[in-house]
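Encoded as structure tokens, here's the structure I'll be asking about.
Chains: A, B, C and D, in written order; residue numbering restarts at 1 for each.
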Amino acid sequence: MLKIKEECGLFGIYGHPEAANLTYLGLHALQHRGQESAGIVTSDNTHLYTHREMGLVSDIFTEEVLSKLSGKNAIGHVRYSTTGSSHLKNSQPIVVTYSKGELAIAHNGNFTNARTLREELEQDGAIFQSTTDTEVIVHLIAKSKEDKLIKRITDALLRCKGAYSLLFLSPKFMVAARDPYGFRPLVLGRLGTAVVVASETCAFDLIEAEFIREVEPGEILVVNNKGIRSFKPFPEVKHAHCVFEYIYFARPDSFLFGKNVYQVRKEFGKQLALEQPADADIVIAVPDSGVPAAIGYSEESGLPFELGLLRSHYVGRTFIEPQQSIRNFGVKLKLNAIREVLSGKRVVIVDDSIVRGTTSRKIVKMIRAAGAKEVHMRISSPPMKFSCYYGVDTPIKEELIANSLNVEEINKYITSDTIGYLSLEGVMKAVENYKGLGENDSFCDACFTGNYPVEITDSKVKFRQLHLFDR
Amino acid sequence: MLKIKEECGLFGIYGHPEAANLTYLGLHALQHRGQESAGIVTSDNTHLYTHREMGLVSDIFTEEVLSKLSGKNAIGHVRYSTTGSSHLKNSQPIVVTYSKGELAIAHNGNFTNARTLREELEQDGAIFQSTTDTEVIVHLIAKSKEDKLIKRITDALLRCKGAYSLLFLSPKFMVAARDPYGFRPLVLGRLGTAVVVASETCAFDLIEAEFIREVEPGEILVVNNKGIRSFKPFPEVKHAHCVFEYIYFARPDSFLFGKNVYQVRKEFGKQLALEQPADADIVIAVPDSGVPAAIGYSEESGLPFELGLLRSHYVGRTFIEPQQSIRNFGVKLKLNAIREVLSGKRVVIVDDSIVRGTTSRKIVKMIRAAGAKEVHMRISSPPMKFSCYYGVDTPIKEELIANSLNVEEINKYITSDTIGYLSLEGVMKAVENYKGLGENDSFCDACFTGNYPVEITDSKVKFRQLHLFDR
Amino acid sequence: MLKIKEECGLFGIYGHPEAANLTYLGLHALQHRGQESAGIVTSDNTHLYTHREMGLVSDIFTEEVLSKLSGKNAIGHVRYSTTGSSHLKNSQPIVVTYSKGELAIAHNGNFTNARTLREELEQDGAIFQSTTDTEVIVHLIAKSKEDKLIKRITDALLRCKGAYSLLFLSPKFMVAARDPYGFRPLVLGRLGTAVVVASETCAFDLIEAEFIREVEPGEILVVNNKGIRSFKPFPEVKHAHCVFEYIYFARPDSFLFGKNVYQVRKEFGKQLALEQPADADIVIAVPDSGVPAAIGYSEESGLPFELGLLRSHYVGRTFIEPQQSIRNFGVKLKLNAIREVLSGKRVVIVDDSIVRGTTSRKIVKMIRAAGAKEVHMRISSPPMKFSCYYGVDTPIKEELIANSLNVEEINKYITSDTIGYLSLEGVMKAVENYKGLGENDSFCDACFTGNYPVEITDSKVKFRQLHLFDR
Amino acid sequence: MLKIKEECGLFGIYGHPEAANLTYLGLHALQHRGQESAGIVTSDNTHLYTHREMGLVSDIFTEEVLSKLSGKNAIGHVRYSTTGSSHLKNSQPIVVTYSKGELAIAHNGNFTNARTLREELEQDGAIFQSTTDTEVIVHLIAKSKEDKLIKRITDALLRCKGAYSLLFLSPKFMVAARDPYGFRPLVLGRLGTAVVVASETCAFDLIEAEFIREVEPGEILVVNNKGIRSFKPFPEVKHAHCVFEYIYFARPDSFLFGKNVYQVRKEFGKQLALEQPADADIVIAVPDSGVPAAIGYSEESGLPFELGLLRSHYVGRTFIEPQQSIRNFGVKLKLNAIREVLSGKRVVIVDDSIVRGTTSRKIVKMIRAAGAKEVHMRISSPPMKFSCYYGVDTPIKEELIANSLNVEEINKYITSDTIGYLSLEGVMKAVENYKGLGENDSFCDACFTGNYPVEITDSKVKFRQLHLFDR
């Protein structure tokens, strides 16, 4: 279930008379990647037109709003929700005016040397509007001594470290860029004669665009009315695709890093059944994210798949908690256990991951309260022990339950009868079980192993201090 | 999938210091019964306090709003969404001042002689605020010559025909009433010393109230600070529980008419597999409502259950359609087919019902476009041929596809390879396969058979004319 | 200055393609008669269309709102602002559906037997939506056994006592009615072929309609597409025009009861100078309402007229008072004294009336603090000793300073050097000094004399109890 | 009447526990200097807290908003309303984060080399958020190599040319600065131990602060918790106070450049009567701004002062014009002529200035339509022939009627019988007729004479191009 906040989702289109409307639909399909704010910037080859707001895509973009976003080119962005820095000024795309005119930028990922660069820039007189790391790149572009936009962007990106999928829109150009490691996804497609880019293929499906290929790690695509040009200014490195996109983030219907997400998750479930069998009566999922793995677990184990937990889809942003203590209140708003399904049963419950453990503990208690005789927790990924610095808003590692407790202690804490995690080998086996990955491809598993493929330049203290600027 | 609008959901609580907060949570759990508007009325034994608004429960009731709803007693209401009569003035609970003071009323169901009664009352000088049939009963109560509230309510109900579950709140009393046929559900529970009533048990689960029993068909419960009294002023009739509550309306986790809804639906799926087998590779569901039956179908048939359609949960009320034609646009916003699951497969697709057939047709096309070799539509209820006059907003029968086409013609229209409906006998077998129904119990199957248990006094023309007053 | 709240302003137009737009402008011109809420109802000969909201006319009626108010006929209403009963449900025009169809009503005035009638109606089963006395007449019309609308209205009005100017709109008719005493103003005009009615002629000036005559006391005008018919169903009585319309309420540019308001007020000032001369250096006004009388006082006395108090026109509805004590804070927000004008001077300050005396006291102190040597208060009306029951929201008489203190005591309380009120004879002399009043014409001076021309049927306690229903 | 938009109003307070509340009141008193947007920034010695919004002070600052503006120090700003650049991003105070921390700036005036500086800064990589010239100074401060805030500010101001009164707030300092010419007003006061600054003294009156002196032209005041220090880093120049502040902008109750505004205006009226007598019956004013001069004219000429035009104070921002032609519609919304006052009279109408002439023309026609026999226009300032580049949003000179027509042609255009302007000598005589101006004092009369005291570095084309960036 949703417990980690994805950074963002991107969509761009160049050369279509309904650019704003299609971007709105594209963002709608990517809404799972960010529910805090959304924005669209369009260009009519002369000017940029912007609308950004806090809230959901379908609430923000009315017919009236969309009708003002003129032009055939557009980029859009959805952003995740946290409390600290949840401000309109931090929403994207960022639009600025600098010496070369107007420029809009949308970013998914995280620069690992943003704080260091920001300090440098401020020393030199730069003034920042927001507390996002994205703004750093805007300043680097504005300060570049190169004349052409693509050169300035390359100039700037060469100074940025970390994870990024980026879209730029100037009055005449759309630019898509992906870091050399390919941490975050970015895909390229075509809709008639128009060029489209998006974080995930599910955005193409909705608008019936054709998927062509991924934007390659380290590739910069420049789109204008003469076509697409590809640049690869970075030295080649071994890729580091975020494996957590497979485990939790991406939509099950997306085609990602060469595979369909649902099928990868189901395969995780099968592997999990092989590695961590359970002597039980039924398999249930923590909906919605645990469902594919639970189906796989059921299929492999032969145990029947049942709906033991029902999810409410009407949960709003905030909820007023009654003063009287309701056991496991927060979880109850989202989930209800079906007593008639669970009562007297030995239950395997499949979830995709455990972050702090508090929700899992509540779920186990809820299942037991509904009459389950035994509760066997099965997790379709390895223990998450390390923070992510590449665009996933995980808590600091001290708050990750698997960082301080071993598996048996976690089992005790969440009060399950048994617990079983999928091994990293199991993850990789499922991932590699399909064709499609190139020879240079590889995954980032830093959250499980602590092996960070890109150095964290900003000391971790600095990293967190960025939030000091939020108010 | 959602295609028929349920009328409403009810929640009431008497004698609890957090009456407003708990009603808000209860309504949240009943949100699936109405997403158009919501309202809560509380009493502090002296006055009534009201808040009604268009929208979702979690958006309407902020901490500030709830803090103004004083008192230990409350009733609440959620209402469905249609375009015609979607006005604040039609939202509930209705609150009026009459000669005996203040009174609030919340209603789930439909009076079949409302128009006739309204004309009579208007001839006598009555003035109506809304176009809802609920207001008729308010006038009947105000006009009654009886002195006591309960007598006045009985007086009024004896003149009303049709389907109703009702909650009343005066400064000192809460009254719950259910028509003699028991069309719509209404359950009674307890939370500590407080009395609770709700449309479905899922509302009790969230607030951890204990389910006691159903409010019986024909029963009027009067709750005040001395306790509960039960009245049964109506002659006994054979019950007519709405079978469609099982098929589509009620939440799968509710316990209804003596059974758990999810299990009944899964049983429908099993029966369907026995009656309408298919030579296929996989079983998928139209999410979310078709999932339980699809699991049952899979279990009985041995065909694997897969996620072939993914549902988006971010669809707002209105959506701007792009001018360029996107095939099956409306359905695409809610559902996406997973090509990798469906491609080359013979697919059984399970849905709970077909109303007009347009959506089913789009879904079949979408599945085929994703590469399915064959599409076998299976419906976990009989063909719906007749309109409902007991509180379900079905279209007029001329718009019901099964009213004008036979099963084979439907198959052709929706372009499936085969189609199979569950028989009425199959429905009843699944329903009776469990214990719990009393001897007088029976179901209303008028939407399948046209056997209406209660006369439609208002001619049908009149019935529809009610909407003329909406503007 | 504004200290008494006028009840309401009315505007109606029949047979003009821009009915809604012109009503909006008419209400704008009448905004001084009520700033709490505004509403417009239009008819297209088939249906009524309504928009009512809390706030100012220019904020409520946007182009979009006006575009939905279809039809060639319209009535509109502005309502005053108080805290107690300031609810949307009490805003007007009231629109109801009864046995004869739709009807809208807008009311300026007050029925003196409203509570008595309401109790009667409620005993008979009537249900009220609002706490306004206006709703009583709706019920009387709905209950009338007459068949034609005009007969029903007459039937109803014959049972109502007190002060009223009324506009009705049905899909086909507009009706204007004024009580036999003619308490509140109502004027008739023409705009091309369209018929217009309004509370004051200033509404005609803005839309360039031609003033024809007053709607006569006791007259009912029925307007439809065949023209205007006049009915006089009431026995003739001696008129009782509200003299306070001249003193304070009406706009100075209106032509009322046969005279221009500004000129009457200036004449009050001249009479005041004759009756209450002062040995002083300058004359200043309490802006804006005291200005005409101050100009008259200056002209008659020969003392120069100066701007000694400046009024701010940006004062909003509520204002946050700082914790630190600012002397005479409330008055300071509206008025500032100009030290350079007042310093060392003997000042005559002219105001139109004194209600509670608290504001006058603050103004005197403010003038003295600005350096005035002497302050001579002059009031252009007699001491207000009695409450109004005919549509002016004066406080209960116990709160009127002139009810408990004599003139010398008032002088002492408000700390002026001398005080002088205009005599009732002076008022009448100014009023009669102009031609235009018919032989039956006369004024209501109940607030000065206690001579109430119409009996107060509702005991005063009852009268006030109406507010109990507000919440 | 209002026809020229003043740039802005400023208020600041240092060292008062109710800093935000008092700033809100101060801005309320300065509301006439800008109705488009308002903002307050406070400091609690550690952080800055900001709230800016479009709209009026009394609508923007609710109790809740003010309660979040913590700290004992505050600066506030009101901004004028135009269509082009009316955006929240252009509202003030501007708040930025730069290498030295947080800084807020509020500006009244106009830099005449802003465009030139902006281009320079952008060439060097600077990124601008807004299209206001104020942002230029922020960048200059951020780029300064000086270490102390006051040095950085001085550094920056030495590069800026033109008219400015400025307030700065850092967590620990408040700084007030006025350009060497003293174009725009800025006054210094004291409230207990707190230091206050404001554009006009009327802001002090409301909060009962004591006026001490003007901030001197070329003076920079630095306020912190040790007291006030004064810096004068600029070479002394002959002052150039904006004479139009006396003629139109400032509130009549303010004490400005050594005199009370109302009295100066009345003196203008007296001079006007001497220079431009008229053979007439009455004197009326274009309310509200023409009233003081009309009173002076009446006093000097002996002609009686009357209310011939009544002003509505309920005019909102936008107004829906009916399709049917109403003569002089725009003026009619604000003004109504009183027929009974004007009919048959020879009328002197006094206004403060004529900009384009269109409004004056409508007013003359309106007076004539009300029956005036003759209309004699008298203007209490000289013909306005040149645009202002020092903070007043006058139209380009081609749109100024006195730039292209001579006085007799203007008379003909506005259809008056005679027209008379006050001479520049008359203006200066009235201004000098009072004591209080220092020996270096002088006025800017560029709008009448074209003698611009400070060079316009940005070519005029450039100057206007600033608006190109607005969208």
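Going forward, a contact is a pair of C-beta atoms (placed from the backbone, for glycine too) under 8 Å apart; a residue touches a chain by one contact, two chains touch by 3 or more.
Keep in mind the model is a prediction, meaning the values are calculated, not measured.
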Shortest path length from chain A to chain C (each step joins two touching chains): 2
Intersection of the contact lists for chain C and chain D: none
Most widely separated chain from chain C, with each centre as the mean of CA atoms: A
Cα-centroid distance, chain B relative to chain D, in whole angstrom: 63
Euclidean distance of C-alpha centroids - chain A vs chain B, Å: 37
Chain centre separation (chain A, chain D; CA means) in Å: 51
Complete list of chain pairs which touch one another: A-B, A-D, B-C, C-D
Complex contact set, residues of chain B against chain C: 47, 49, 96-99, 119, 122-129, 138-139, 142-144, 469, 471
Residues on chain C engaged by chain D in the complex (per definition of touch): 18, 21-22, 24-25, 28-29, 31-32, 35, 56-59, 61-63, 66, 202, 205-208, 251-253, 255, 260, 262-263, 291-292, 295, 299, 304-307, 310, 312-320, 322-324, 326-327, 332-333, 336-341
